[in-house]
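One chain, chain A, links the two complexes that follow: it is found with chain B in the first and with chain C in the second.
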Partner chain A sequence: MADQHAIGSRRGLKPALPLLLPAYLWLTVAIFLPLSAMVFFSFMTDLPLAGREWAFTLDNYAAFFSQSLYLTLLLASLRLGLEVTLWCVVIGYPAAYVLAKVLKGRSREAIFLLVILPFWSNGLVRIFSWAMVLREGGILDTALNAVLPFKINIDLMYSYPAVIIGLVHSYVPYMVLTCYLTLQAIDDSLIEAGRSLGASRRQVLWRVIIPLSMPGLIAGAALIFVPVVGSFMEPRILGGRTGTFYGTVIEDQFVAVFNWPLGAALSFILLAVVLVILAVASPMLKRAA
Partner chain B sequence: MAGVQVANVSRSFGAHRALDNVSIDFADGGFYALLGPSGSGKTTLLRQIAGFDFPDTGRIAIGGESVERVPVEKRRIGMVFQNYALFPNMSVADNVAFGLSVRGEPKASIAAEVQRALDLVQLGKLGGRRPHQLSGGQRQRVALARAIVTKPRVLLLDEPLGALDKALRVDMQIELKRIQREIGITTIFVTHDQEEALTMSDRIGILRDGRLVQEGPPEEIYDRPQSEFAATFLGDANIFRGDATGNGIRLPDGTTIAAASGPSLAAGARASCAVRPERIQISTGAAKPDADNANTLKGQVSKRIFAGNNSTYFVDRDGQTLKVIVQNTGAERLAEGQPVVLSWSPDSTVLIAAG
Partner chain C sequence: MRMPRLTAFLTATAVFASAFTLAANAGEVHVLNWKGYGADEPWAIAAFEKATGNKVVNDFFNSEQEMLTKLRTNPGLYDVVMINAAFNDQAMAGKLIQPIDVSKLANYADISKDKAGSPMLNHDGKVYGVPWVWGLTALAINEKSFPKPPTSIAEMWDPAHKGRVIIRDDAVEAVQFGAIASGQNINDIKDMEAVKAKLTSLMPQIKTFWSSENDWNQMVASNQIDIGTYWSGSADRAKTHFKLPVSLVIPQEGAVAWLDAFSIPAGSKNVEGAEAFINYMIDPKFYVEWVTKVGAPVSANTKAVEALPEDAFNRKVMGDPEVAKRIQFQAPVTDEQREKYLALWQELKVNVK
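== the complex of A and B ==
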């Protein structure tokens, strides 16, 4: 009997293999191979191209610790990630709530489309249109001056706020979508039960709805925080001289300085830091819920 | 504790009138069942009383005070939902404590009250569990404990036993009734199940298409239905249609049926008579019917369904199939196809004006 069971369970995997194979193959080719190449590079003195000399070294990792600039930039990037994530929660969660619990039918579909539109537009187009809006004499400046009786100067271009605005705009759909899914799953009768027990709308929100939507908030935060910490496009284009972050430094190593080994090492340090943060933060958030 | 007055309440959704001029007085401390087919407006009425939804016209008062402008959380009601609606992120004890803690009561007194409420529903030991670790009947009892722990003025239950199986349902009916009596709370209970309504409540209101069809104690509605709908919806009834004669009706074939109760109708008006299947005596014609069984009809047994303690006979008579329920006393059973005589007393017959 016991033997049969063992055989049965092993046999259970086999028919699934042909189905799983394409996925594993794809993972191997698309992610694992390039990533291991990068790990390899990060321990080299130089790229093994055009017959150049190379050797194994730890210098690339040591560079991070010997130059305080990298740590400063990493902290700035982490702060950027945190701020953008917070703004995405502040903007995305209420939007998701309205979508899931207030709007019905047609209007819900229309607003949903507006929310995910940034997803479908090209990243560069999105960023350059913000540049047109935010610069002096740009759309925001002109519009405000047309409406207001006094003269004001709006020039957000090449500033930290511009970077935040651009990033929040790019990433807020993630928060809206993940929160929408969890909010959608909360039965309206839970809200009514809370109210019937004497809780105000606000109390129901804090004690029932937000705790129950924590998984969506955490998923959204992780989806946003990680790429924002390593982002380089928005900081570069919208931030100008103020837009030097950890991500832009990594990008420089790959496209400008052509020091791939250092770029790779910096990326893996970032990856490690982000993983540690996620590992520490998510159980804490879950317990708080 | 308080009574609830619903006066001329109407509520429409678009062109659909979910409630049409409904007036009911729910007495203080009473157990009231709202009965009606699906879509008749039972939930809608309950939601108006709870304050989740508001009437287009009409007034609702709880404890004599109009609640038009009172939001749900200030109405001091307890509500039990059909799907239990327990908070999945909280333990059983925290679920029960919710209503007390949002009121800012001190922690120590909350714990004591929660324990008392859980003991009342016989779940004293399960406070630490999560809702998903409970059976259906246990969840139901947590929902009840949660609703009554805040000492609401009115308890509203929307088909609270609908999701339970038959045996558990009966247990919960008894328990619910016991708890209701113990705390003496005005209770409004929505149900599909006529038996549940009959056995549990002091009064029953029957709704149909948003209108209150009839309202009163269970015995009164069962014995003296005022419409064919009430007669057939609450319990089973044989309906005869004909013209009013003054003390009954005349069927199209000339047979008269005498009725002792019902409205006085002008002779010749369209009317019907309702007779409960268990009030009809069935015999082969050899035996004499009871002396006061003034109403008699001849027919033929078309089918018999044996159900242990009783049997149901379907008797064909002039194109109509009548239903007769006979207690199983061990007497001789009638065969299908056998000619029979049906007889019953005018006291068991209710005259109903054509609707």
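== the complex of A and C ==
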């Protein structure tokens, strides 16, 4: 009896260590070490391969500021991130609400499965299927023209809207899942109380439901915004000649010209900008929540 | 008891591993080349393995820079590497490749003299690259969109093809293409502004950029493009192998020519096997089969080209002295130029929005 009590009350770090160790070891090996190597690369003139000359330099970071190109691209990518996040809220939030508050039992499970389903397929496959749908003479074009009495020409492929569509499709499940979790946790009696005290449906939505589900919205927005700003695969495949973004330029530095130092420097500038945005936004968002 | 057993186990593993590596190195030829570019054809590998007893192991790269990086980071792994002649200098200067004893290559004597003697492949009287095939970066058209093939590069700027033009997402290729369109020497571009102006006015015409043969062929298969820059060997493959309505156009203004050559990396563990493989790659028998079954660029081996039918594209058109006058062979591009070209190309791509 006394022994059990002792175990239960021990709250030091020591006993927790064996439990934490695997996760932290993994983080160190898989994330921290490669990332530190990248920080190191970003200050070098060249990769130290096969005895190539190299030295420390700040030129890679200076390159970002010396050419307006990178700033223009970064702003375009941030705008892309905001637009995609906005569309994910517009599409994902109502879906999460219906899942959490309207549907029950079997039908909820079925719809939930449909939301998760895209996650089971490879991202590249999803993007290539969009390519088949969006292009001129593609599935969307053919289907609409078969139904509509007048002739329309839909060729969204290789355009900015195509990039948005592809990215929103890839990321909307995050928004549905995070919002679903917070919406489900809202006690129905709070909503009923609001209604019985004379609030309209709209007032209940704005004064009760949205504020209470704000943590989910914020978590979803952060989960979507950060990867979208650095995305390169979707813009490259769906964007065509308008598909040059900050992420694709970083990819070019790594893959096409093998200038890893510049690629690494550009990545860390992006990381810094995203962290600043999140830091500036967090008090505002906290207040809202 | 526990520790010794573990040590014994580790030692045993190490011994086994080294035994396997030794065995593996004995008769293996490790080849580094573009994917789908001759050296990895299953029928060719089977024939070579049967004839020499060497086993071929293929590895691939997606850009010349990647090829150089693979050579630098894996010394001793590769026995044969395919290098664009314009990059041979850089590989030699980095001590990545070794001189080749061409007396061991029976087919070397049949290689056309101007290719074999190229200053890009010979340094200090030693041969660092065996010319394999050459080809063009020219235009290719979707036959469905043209009643008769165009002759001028200006066709790319024709408003009739707005949104149906494609070019490769590659800075050097784009800039050299702009040089030809503005009537300049691709290896000595004097008026960069003219190149920029040409490319800027081309941007609104473009549907998308291609990066692999597959991209190009799919765009034609779904009838989304009319015309674009393409490699001569790829256009041949698209027509022969994939039965697509593609034909190559060598514009009157000229085209960029490149020469691909085989080298032996420094530290190769199977130089003999490498020599046998290179000799097989420049053999007329292999070449004719490659052209007939798959489609290929033009062989540097004169006997191999002569073995083709009289009216074959690679013999009739590419061998035409009139064509030879128009084309410009690509010289090495310095890192400095490459970065300048990339900056220009990125600027063009960003401003298109």
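By definition in this document, the second predicted complex is superposed on the first by the 277 of 289 C-alpha atoms of A that agree within 3 Å, B and C clash if a C-alpha of one lies under 4 Å from a C-alpha of the other, contacts with A are read in each partner's own complex, and residues count from 1 in each chain.
Here is the rule we use: a contact is a pair of C-beta atoms (placed from the backbone, for glycine too) under 8 Å apart; a residue touches a chain by one contact, two chains touch by 3 or more.
Keep in mind it's a predicted model, so treat the numbers as computed, not measured.
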- Message: Under the superposition described at the top, does placing chain B and chain C together on chain A give a clash or a fit?
- Response: fit
- Query: What is the contact status of A:Arg207 with respect to chain B (first) and chain C (second): first, second, both, or neither?
  - Reply: first
- Message: So in the superposed three-chain picture, is A:Gly240 touching just chain B, just chain C, both, or none of them (first/second/both/neither)?
- Response: second
- Task: Name the contact category of A:Ala256: first (chain B only), second (chain C only), both, or neither.
- Result: second
- Item | More chain A residues in contact - chain B or chain C | C
- Query: Looking at the overlay, what does A:Glu53 touch: chain B (first), chain C (second), both, or neither?
  - Reply: neither
- State whether A:Gly137 touches chain B only (first), chain C only (second), both chains, or neither. second
- With the two structures laid over each other on chain A, which partner does A:Leu190 touch: chain B (first), chain C (second), both, or neither? first
- Look at the superposition and give the distance in whole angstrom between the closest pair of CA atoms, one from chain B and one from chain C. 44
- Query: Taking the contacts chain A makes with chain B in one complex and with chain C in the other, which residues are shared?
  - Reply: none
- Item | Touch list for chain A against partner chain C, complex | 49-50, 52, 67, 69, 72-73, 76, 135-137, 158, 160, 240-244, 249, 252, 255-258
- For chain B, which residues are in contact with chain A within the complex? 50, 52, 71-74, 76-79, 81, 83, 85-89, 98-99, 102-103, 146-147, 150, 156
- Task: Show which residues of chain C lie in contact with chain A when the two form their complex.
- Result: 62-63, 65-66, 68-69, 72-73, 75, 94, 96, 170, 203, 206-209, 222-224, 338-339, 342-343, 346-347, 349-350, 352-353
- Task: Please name which positions on chain A make contact with chain B in the complex.
- Result: 187, 189-190, 192-200, 203, 207-208, 211-212, 289
